[in-house]
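The two complexes that follow have subunit A in common; it is paired with subunit B in the first and with subunit C in the second.
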Partner chain A sequence: MSILFAQLVNLLGAVLLLLAFAMISQRRILSLIDLFTLQGATLVVSTAAVGYVTQQPHLYVSAGLTLALKVVLIPALLHRVVDRLDVRRDVETLINIPTTMLIGIALVIFAFALSAPIAKLSSTIAGGSLGIALACVLLSFLMMITRTKAVPQVIGFLAMENGLFFAATCATYGMPMVVELGIGLDVLIGVLILGVFMFQIREQFDSLDIHHLERLKDD
Partner chain B sequence: MTELEPLLFVLGIPLAGGGVLALWGHRDSAMALNVGFSFATFLAALVLTGQVIADGPRFVWQREFFIDALNVFLVTLTAFVAFTTAIFSRPYMRVERDHGKMTPPRLRLYHSMYQLFSFTMLLGLMTNNIGILWVAMEAATLTTVLLVSVYRTAASLEAAWKYFILCGVGIAQALFGTVLLYMAAERVIGPEQATLLWTDLAAIKTQLNPNIVTIAFAFLFIGYGTKVGLVPLHNWLPDAHAEGPTPVSAVLSGLLLNVALYAILRCKVLTDGALGMPLAGRMMIGFGLLSVLVASFLLMRQRDVKRMFAYSSIEHMGLMTFAFGLGGPVANFAGLLHMTVHSLIKSAIFFTVGHAAQKAGTQVMDDIRGLIRISPTIAWGMMLGSLAILGMPPFGVFASEFLIITTAMREQPWATPLLLVALGVAFASIFSRVQPMVFGDTSLGRLAHPPALVPVFVHLGLGLMLGLYIPPWLDAWYREAARMIGG
Partner chain C sequence: MSALYAFVSQALAIVAAMLLAPILSGWVNMCRAWLQNRSAPSLWQPYRVLHKLFAKESVIAEHASPIFRAAPYIVFGCLLVACAIVPILSTDLPLSSAADAIALVGLLALARVFVSLAAMDVGTAFGTMGARREMLVGFLAEPALLMVLFSASLISQSTSLPTIVGLLAHRELAIHPVLAFAGVAFTMVSLAENARIPVDNPATHLELTMIHEALLLEYSGRHLALMEWAASLKLFAYSCIGLALFFPWGIAEAEAPLELVFALPALVAKLAAGGAGLALLETLSAKMRIFRVPEFLATAFLLAVIGLLVQILLG
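Take a look at the complex of A and B:
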């Protein structure tokens, strides 16, 4: 039974990784938000599955928290921002998408190589997925670097948080409850602040292009 | 427990202050109220410190909070600098309000976030849970992002966005490191009892798996190192210092960087225990030295006075990281002393710089001239502060830098010439910039509200005292903390 669930968690990890790649290659902002929502939903299922097999009730709370924050609340907020600012157009990337994908593959190999010695030591059912989690974090990082618009950068930031949560569930059966609540609160407040910022940046520069934010330099 | 726990007040007062000032922060009395809340926090911190000195380290509330030799002096320092900065902020913000830069909603936001920032700093210092330490550091980023962007100008929004994204990414790495530490602990104590309490981790530190801990420390060091402002992750720091209000620059340099370095120290203790070899120390030596060198050469090119002193902060944080990397009782002692005097003197410099920039209406150094004609006290404060931060005897920075360099000569001789060159370059660049600002012809006017100069001279006086005489209780305290960090 637990082997089956371990397989399930690994499968969900693979789905997370696939979604991370899909996000890197996606140009449309609305699709990006949908992909982010899907990633959140996958995370909820995997957290709940680990919770079921290990009989750790606090993982259900954690899954519920992720559901409320990353599947319902934050995507709704992002949709609102995109509607109000009318930034549905396609997003340009700094590096063209095939090259980004190749860099992404290199990152995944790096993540697996780095976590292989640790994953072997893990006592949890899905310890092997640690590499996938690290790969998700690095891919989101790549997405933040290659995007020039504010909204995709924020989505990259949030996707990175998803990868970290997946790491926490598969490596350690989740962090202590109080820490998880604190992290959730920080993420929520962070998104709210970034949302307000986007409106202000728009007001100041008449665009959400981060290229405008390159004036502060050392002369 | 029958008696009232002072820790409750140390954390409760700034939290309550954040709430109260969110409602009344725009009133005329709010600036005084801000000082009042900070003063009450400082008193509570003093009581707590007194008790810890008398009774030794202690746990509070089911061991969730832990006060020991390492954090108790930082708690007092944090509460003290937050209090004096609040005094400085009062006339500063009055002038900003008269200039129309601070509207009532902005004042509310500013005062509320100022108190909440103090709260997150104190929470991060006193918590025993390294997960909560992470949460507090992230919350500190959020509050300071709002403080930096309070003017809503294009430049301040840019600085705040950069700050948020860079530190958000950095601190996410620290969370991954924390997860790995938790995993290492779980392997030793089992999933049922596994905790993130630092004291529990320290008790089993020799049993933690070295492979996991090495990778965990790398992530934690990158993460918290971003907040310390170590090169090459320092890009956010000069922008955030230069574009926010000056009181915010003072608390960023004086408090936030210290607390981030404190987080690294806590992780270093665990890593050293698990590895049995000074890997963490070597990383800190490398990145510390790089920061000192890069920052001192970038200092030369600055034209904005707050940017220049922000680079000076990077340089000094690098020096402290280097000192803690060397390890051993003397270097750790010097690092702790340097933390204290740097906080005091750098915030005093920002107080004088804030008033000078308000007088001149600009932060560009070429346009600030002849302060001594118009307000001799600010001018002398800036001059003495700059000399102190550059390491002139008899100020405290001289004592700590002397100890760091002599230890470096013994432990890592190759690093000594590099350090001396960097300190020399920093001296030449800062002194040649400050001298014409203080002396020379002037066309500056007077300010509508008299500046608060007491904090400047109290800080400089303390910095001077620490250079000449360290009271025995403080000395014992540094030694105890230095022993804890080990090496």
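Take a look at the complex of A and C:
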């Protein structure tokens, strides 16, 4: 039974990776938010599954917290921001999408190679998921690097946190409750601040293109 | 006795493929019509079309070479053999020892090459354009399909389709993340290969957007009938590969001939569900621009590669 649950956690990890790739290849902001919501939902299920296998009730709490934050609250906030800023158009990327995905493959190979020795040492239920989590983090990094607009970058940042959270639940069965609450609040506040930031950028430059921030002076 | 049984199951598989393929196409069209609030054509409509076309005279262009005449028979033959080596009813198929998963992809490629050659043969602009697009889609879809089949053979350590399916059907309940990736990639590849909506619209005769129809523009009569039948066989073959790899339950084994009785209803039920799913997918998505197709298929390829990597990592 617990083997089956370990495989379920692995499967959910694979789904997270799949969603990370889908986010890299997605051009539309609204679909990006939907994918992020799905990633959050996958995370909730995987956290609850790890909690069930390892008999650690506090993981249920963090699953609930994830549900409230990443499936309900943050997507709602993002939708609001997108509505207010009226940025529903397609997102441009710095590198074209097939190339980005090839780079993504290279990152995944790198992450898997890096975590393979660690997975051999680990005694937790799903040692392999560390590599998947690392790959998710790197892919989200890639997304932040290749997008020129502010909203996709924020989503990339949030997706990165998803990857870290998955690593934490699988490798160490969750961090202490205080840390988790802290991180959850940090992410929420981060989104709020970044939201305010986006409005400011928009007011200043009439666009959400962060290239405008590269110049320090008005001239 | 077992040789006789193997022969019977092989013959049954071929006959089932030939008879069920047009019905599957009809069923997908029917579901599509329902979903789009139109009154649906009959389930037997593809048969009526085939009957009508076989009764008609076949007109061939003046400058057509023998390739043009031979292509429908070659294409139909390739796809029939492809259907015959995919374990749809039983894993005990004498023909399947002749060709494994890689040869299956080769067979499909051979059919594609001849369709394209025939389309270019007459020298009309539309045929040539359609052939070029078909090859564009094909050369990107093929590696992705190979990767999907490799993912499945990585689990079972064999490229022989009956072995793969037998193993997948009989394993203990285990979750393979690789199958999730391979499943998504395979769905994308089969949409592209069967000229389905995100890539091509099978119902259109609007010249500038069509791929599959452009290839068949010059054909008429029995040649066109064979080509259409071959197209529905292709859809059938892809559906069966998908069902065999991802939903292998209910396929009869070599040791248990009686399972064959239940294999046919199971296959029909699975095909009905799969066809309805395909119609839903087609109704929900919009056709993309031709230059987005490489991106779509690159995604499929990358997903399949990621699946392989995950399988290697997780073991």
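Couple of notes before you dig in:
Going forward, the second predicted complex is superposed on the first by the 216 of 219 C-alpha atoms of A that agree within 3 Å, B and C clash if a C-alpha of one lies under 4 Å from a C-alpha of the other, contacts with A are read in each partner's own complex, and residues count from 1 in each chain.
The rule we apply is simple: a residue touches a chain if its C-beta (ideal position, glycine included) is under 8 Å from a C-beta of that chain, and two chains touch if they have at least 3 such contacts.
Just so you know, these numbers come straight off a predicted model, no measurement behind them.
By the document's definition of touching, of the two partners only subunit B reaches A:Phe141; subunit C does not. Legend: residue contacts after superposition of the two complexes on their common chain; A:Ala168 is shown touching subunit B, with no touch to subunit C. When both complexes are overlaid on chain A, the residue A:Gly64 reaches neither subunit B nor subunit C.
One of subunit B and subunit C touches more residues of subunit A, and that partner is B.
Common to the subunit B and subunit C contact sets on subunit A are residues 115. Of all residues in subunit A, those touching subunit C in their complex are 4, 7-8, 10-11, 13-15, 17-18, 21, 25, 97-98, 101-102, 104-105, 108-109, 112, 115-116, 119, 128, 131-132. Looking at the complex, you find that subunit C touches subunit A at residues 173-178, 180-181, 184, 294-295, 298-299, 302-303, 305-307, 309-310, 312-315.
Against subunit A, the residues of subunit B that register as touching in their complex are 129, 131-132, 134-135, 138-139, 142, 145-146, 149, 152-155, 157-162, 164-165, 168-169, 172, 175-176, 178-180, 182-183, 186-187, 191, 194-196, 209, 211-212, 215, 238-239, 242-243, 298, 301-303, 307.
Against subunit B, in their complex, subunit A makes its touches with residues 54, 114-115, 117-118, 121-124, 134, 137, 141, 144, 150, 153, 157, 160-161, 164, 167-168, 171-173, 175-176, 178-179, 182-183, 185-186, 189-190, 193-194, 197, 200-201, 204-205, 210, 212-216, 218-219.
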